[in-house]
Amino acid sequence: MRIRLLVLLLALAAARAGSAAEAVGTVLSLPARPGAHWFWLSDILLHRTALFDADSGSLLGTITSGSPGVGFVIAPLFSPDHREIYLAETYYSRGVRGERTDVVTVYDASTLLPVAEVEIPPHRAEYFPGNAANALSDDGRFMAVFDLTPATSVSIVDVQERRLTTEIRTPGCSLVYAAGPRRFLMLCSNGAALSVTLDEQGREARLERSAPFFDPEQDPLTEKAVRRGDEWLFVSFAGVVHSVDVGGEVLRFGAPWSLLDDADRRASWRIGGGQHLAVHAATGRLYVLVHQGGPDTHKEPGTEVWVYDLQSRRRVQRIAMLSPLASFVGQQLAAAGRPRAAGFAEWLIAKATPNPGVDRILVTQDEHPVLVASASMPPTVTIHDALTGEVVREIAEPGLAASLLFAP
Amino acid sequence: MTANRPWIDRLVEGAARQLARRTSRRGMLARLGAALVGAAALPLLPVARAATEDPRMPPPDDSKLEGAVGDPTSCAYWRHCAIDGFLCACCGGSQNACPPGTEMSPVTWIGTCRHPGDGRDYIISYNDCCGQSLCLRCRCTRTEGEKPVYFTSRNNDLLWCFGTKSRAVHCSVAIVLGVATRS
Amino acid sequence: MTANRPWIDRLVEGAARQLARRTSRRGMLARLGAALVGAAALPLLPVARAATEDPRMPPPDDSKLEGAVGDPTSCAYWRHCAIDGFLCACCGGSQNACPPGTEMSPVTWIGTCRHPGDGRDYIISYNDCCGQSLCLRCRCTRTEGEKPVYFTSRNNDLLWCFGTKSRAVHCSVAIVLGVATRS
Amino acid sequence: MRIRLLVLLLALAAARAGSAAEAVGTVLSLPARPGAHWFWLSDILLHRTALFDADSGSLLGTITSGSPGVGFVIAPLFSPDHREIYLAETYYSRGVRGERTDVVTVYDASTLLPVAEVEIPPHRAEYFPGNAANALSDDGRFMAVFDLTPATSVSIVDVQERRLTTEIRTPGCSLVYAAGPRRFLMLCSNGAALSVTLDEQGREARLERSAPFFDPEQDPLTEKAVRRGDEWLFVSFAGVVHSVDVGGEVLRFGAPWSLLDDADRRASWRIGGGQHLAVHAATGRLYVLVHQGGPDTHKEPGTEVWVYDLQSRRRVQRIAMLSPLASFVGQQLAAAGRPRAAGFAEWLIAKATPNPGVDRILVTQDEHPVLVASASMPPTVTIHDALTGEVVREIAEPGLAASLLFAP
């Protein structure tokens, strides 16, 4: 007891009598509005999504989500007012075992702390990298979570009322894309689109199946679509663009057009990677991650990003991706305080070894947009000027196993 | 051996033959694939099969294969033509058995791989071994005939741990389900 | 300013001076260190302090420091002499503030680092930021004066997330608690 | 419905009519007795402990334990009959947040599946790498879990009855070492040893504090002790060996002796690393991981293992550790199918760059023992013949962030 007292006294002595003192307990929070060049990068080994600022290259904060072995899909959605972030998550009571609980967690976008949790049916689809796993209705009221058990459905959460409204069975149709204030779009195994319309309470109003608009057997569309206004842009394994307009009462399917000409095909250029499309809405520039490879190489990382003008449907630019191997080794050496060796190594590796390529791209929507290119092997992030294509910066230590990029 | 086979087998063999006549082999395989996983949507069925299954004919002989195509710990192993994950043969299991501490998912995705020895096409069932975190050894991604998520039966992006105690995926095996062509 | 300071401060200052006279500076620091975390064993105290604390005197001026010793994102930063973890300045925080989404542990381990500018020794409180998984940026392990786990107050192996909602450790900050020597 | 039926029929068609079929659902299990050269390696980023066979270099199985951000201490204990494995674990209901539950999980040693769970007070100490965090009484009946909140205690679990028996407060004393069938040993901040004796029900019988037997201020012992029979061997930062005999009623402290002579000290050789001691009981060989470095470099990885004869207390052997950097790059190139490049790179890196060193060592107890050397940066595992010191094999892809080695 006497020891305890002395301890207490000395503690105060150190903290007060030691007269110089910084505040203890300070925790930073984020500004109300996201920066123009912010992006989120999810990581399935670190079980998080991390917010980076492409202008400074710094990590601004992280949200840990999911558990070891589960939680492949870490796909944040952002409320239109930027106040909240919605994440569908799966937890077991004992890590990889025990009782399963699926939830939609609501995070405060400036403190990154959870503010609410809505339990949903334990049916969430889990896949890598997790494109189109969740969607938010255009008015930000209802969140749809794609379920696969392997029977398919969507669970609907009213994020404003913080409650599950329903689970809608969608036999043969998967994935989920926002398609209006009360409508979501899904893709079916026969090449059709399913539109899921909700009523004001977020219950099922009607399901409508379109005629098949692509051939899943001969030339399937990838799920890695991007949206520009009312138009969703899908691309097929063979590089054919299929557009779906969700502006009207009924879905309108645009005439398919090809990203590749005969010369490109002869040189066996193909689309590939985990997130191979990006679009800059204002300028109508479509960014496509491409590589040279054989048939069925739709997961192969890309060595170039080809830029298309959506008006003329012409390719207007080719942007070469840095070799992640060169970047990684260079960064390691630079971190070890060997800048000149770093420069040399980057140059040598880029020259002497094939470019492993990058897996995912994102373009910001401001008028001076950046192109974010993220590689998996090894893990690197490179920032390009999205208009000129030039490399602006590399971001060191982005994580271990990146899955998807998201713009807040 | 026809005699002691249940009526349903003979019935479905008939059905399959019918279909085979009407369709290209490639289409046939796709349908079989789709069918298999459709069936998997009734998990009880494969689970029961898993319990009762006993191999009647050995899988093709790998012993004469040279190098990687015959090595279950290699991504180039012939059975791995549509796998995406960590090879169980590097994780305490084998090409057709799960490591200790895991549970094999009865629900699978399907590939069709050609055996370099006999030149025949085999239907490969890629089953995930579930209940432990990622093995992280012998990562292998091959996508021959692989399709997007909405084409569920042919997609290897999905965590195929269904009907198992845990959804956690550890590694994947490649089991020969049968010969793709009827002989 | 003595006037409006509570009796206990004056009392303990006395106690500290007593001790200081009787002991070598190094020993003194060790005891102060031990004391601080001993106190931490009564978590309410530092928690309350964290809330009420307002800095009275600025920490030493880093602006004139050249290179890494003045860079909070560098392992060589002067305050990091006994840190082991990920630097919060690389994780959305700073040398003395936690990143968004975390909570600063009020209970800490202690180092004594010399400021290269003024040459004085400062008591550094290494507080973990808790509630997110490992940041995994700017890993830094320095062990000047660091002791094994049983010498708790001086050990940086421990996850120092105590009195926080979560024990999960994300990164570590280095806060100047005070000047080690009495002036 | 008709579709469903067809589907079902075709499923059977494929599986049966397709006549060649391997069994589905096979799961391997481990032999009843562990191999002589098996070892476990825990990994805090993969949240697992993994069993390897040093003879084949293969991974035999894993146990996932803990969650992201928590679960630094993954320290399996093994029942004397090798039938069960005991792990103290911490879980939150939502990964890094929510309700905390601490448990001791009992795993079947051949199926690696959990067979029982005992909830313990949520006070487990968490630290890296986690030496001496748990101990099993010499008769295998009682498990002690070291708690730190930061007040210190031990929680006692009767692993046979599968129940918590008590939590014993141990003010100022930490860590836990087995010291008889009903006794555990702890180290106190003043340099004393605390012996915690249990009764037959696993309740506190008595606590005895020894006189201080080392100076934690001037030359602290590391917690990384090894046991040979009744003798625990501790080493200090300065390389002085302190032995504690737990065979008798009272603890007996041996006369300290130094591992280093003046020449070693002049060359500034020091012990270091996360697990820097190993002992081969039968031959009385003590293995010590050493490096050249300044004061307070007790966490620095080791470039050599020095072997001492405990009888003569003389150094009898020096074993050079491979550069993990060379091994890692070599393995990457070999895996990429470039064996000759691999050999050259290994040779070049070993020659041209400083050896980052290894962090932990283990020696098996058979009569042809192997020395397992595990590095962190980059992650590698090298197997040496523990008698000749020569490299037997390197194990590729051992994990991401190794913490400790354990012998089953």
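Labels for the chains are A, B, C and D, by order of writing; each one numbers its residues from 1.
One rule holds in what follows: contacts are C-beta pairs under 8 Å (C-beta built on N, C-alpha and C of every residue); 3 or more make two chains touch, one makes a residue touch a chain.
Note that this is a predicted model, so its numbers are computed, not measured.
A.B. asks: Report which of B-D and A-B is connected by more C-beta pairs in contact.
C.D. replies: Of B-D and A-B, more C-beta pairs in contact link B-D.
A.B. asks: Between chain A and chain D, tell me the centre distance in angstrom, where each centre is the average of that chain's C-alpha atoms.
C.D. replies: 38
A.B. asks: In whole angstrom, what separates the CA-based centres of chain C and chain D?
C.D. replies: So the centre of chain C lies 30 Å away from the centre of chain D.
A.B. asks: Which residue numbers or ranges of chain A touch two or more of the other chains?
C.D. replies: 45-48, 64, 67-69, 95-97, 400
A.B. asks: Do you know which chain C residues sit against two or more other chains?
C.D. replies: In chain C, residues 34, 40-41, 131-134, 168, 170 touch at least two other chains, as defined above.
A.B. asks: Quick one: label the inter-chain contact graph as line, ring, star, complete or other.
C.D. replies: Per interface graph, the chains form some other shape.
A.B. asks: Who touches whom among the chains?
C.D. replies: A-B, A-C, A-D, B-D, C-D
A.B. asks: Would you pull the chain A residues touching chain B in the complex into a rising list?
C.D. replies: Against chain B, the touching part of chain A is residues 45, 67-70, 72, 90, 92, 95-97, 100, 125-129, 148-152, 173-175, 186-189, 216-217, 220-223, 296-299.
A.B. asks: If we count contacts the way the header does, which residues on chain C are in touch with chain D in the complex?
C.D. replies: Within the complex, chain C touches chain D at residues 27, 30, 34, 37, 40-41, 84, 107, 131-134, 141, 143-152, 155, 157-159, 162, 165-170.
A.B. asks: Within the complex, which stretch of chain A touches chain C?
C.D. replies: Touching chain C: residues 3-4, 6-30, 46-48, 51, 58-64, 107, 110-113, 396-397, 399-400 of chain A.
A.B. asks: Inside the complex, what are the residues of chain B that reach chain D?
C.D. replies: Touch list, chain B to chain D: 5, 8-9, 11-13, 15-16, 19, 31-32, 34-36, 38-42, 45-47, 49-51, 53-60, 90-94, 96-104, 106, 122-123, 125, 127, 129, 131-138, 168, 170, 175-180, 182.
A.B. asks: List the residues on chain D that touch chain A in their complex, please.
C.D. replies: Counting only chain D, the residues touching chain A are 45-48, 64-69, 71, 89, 91, 93-97, 101, 103, 105, 114, 117, 400.
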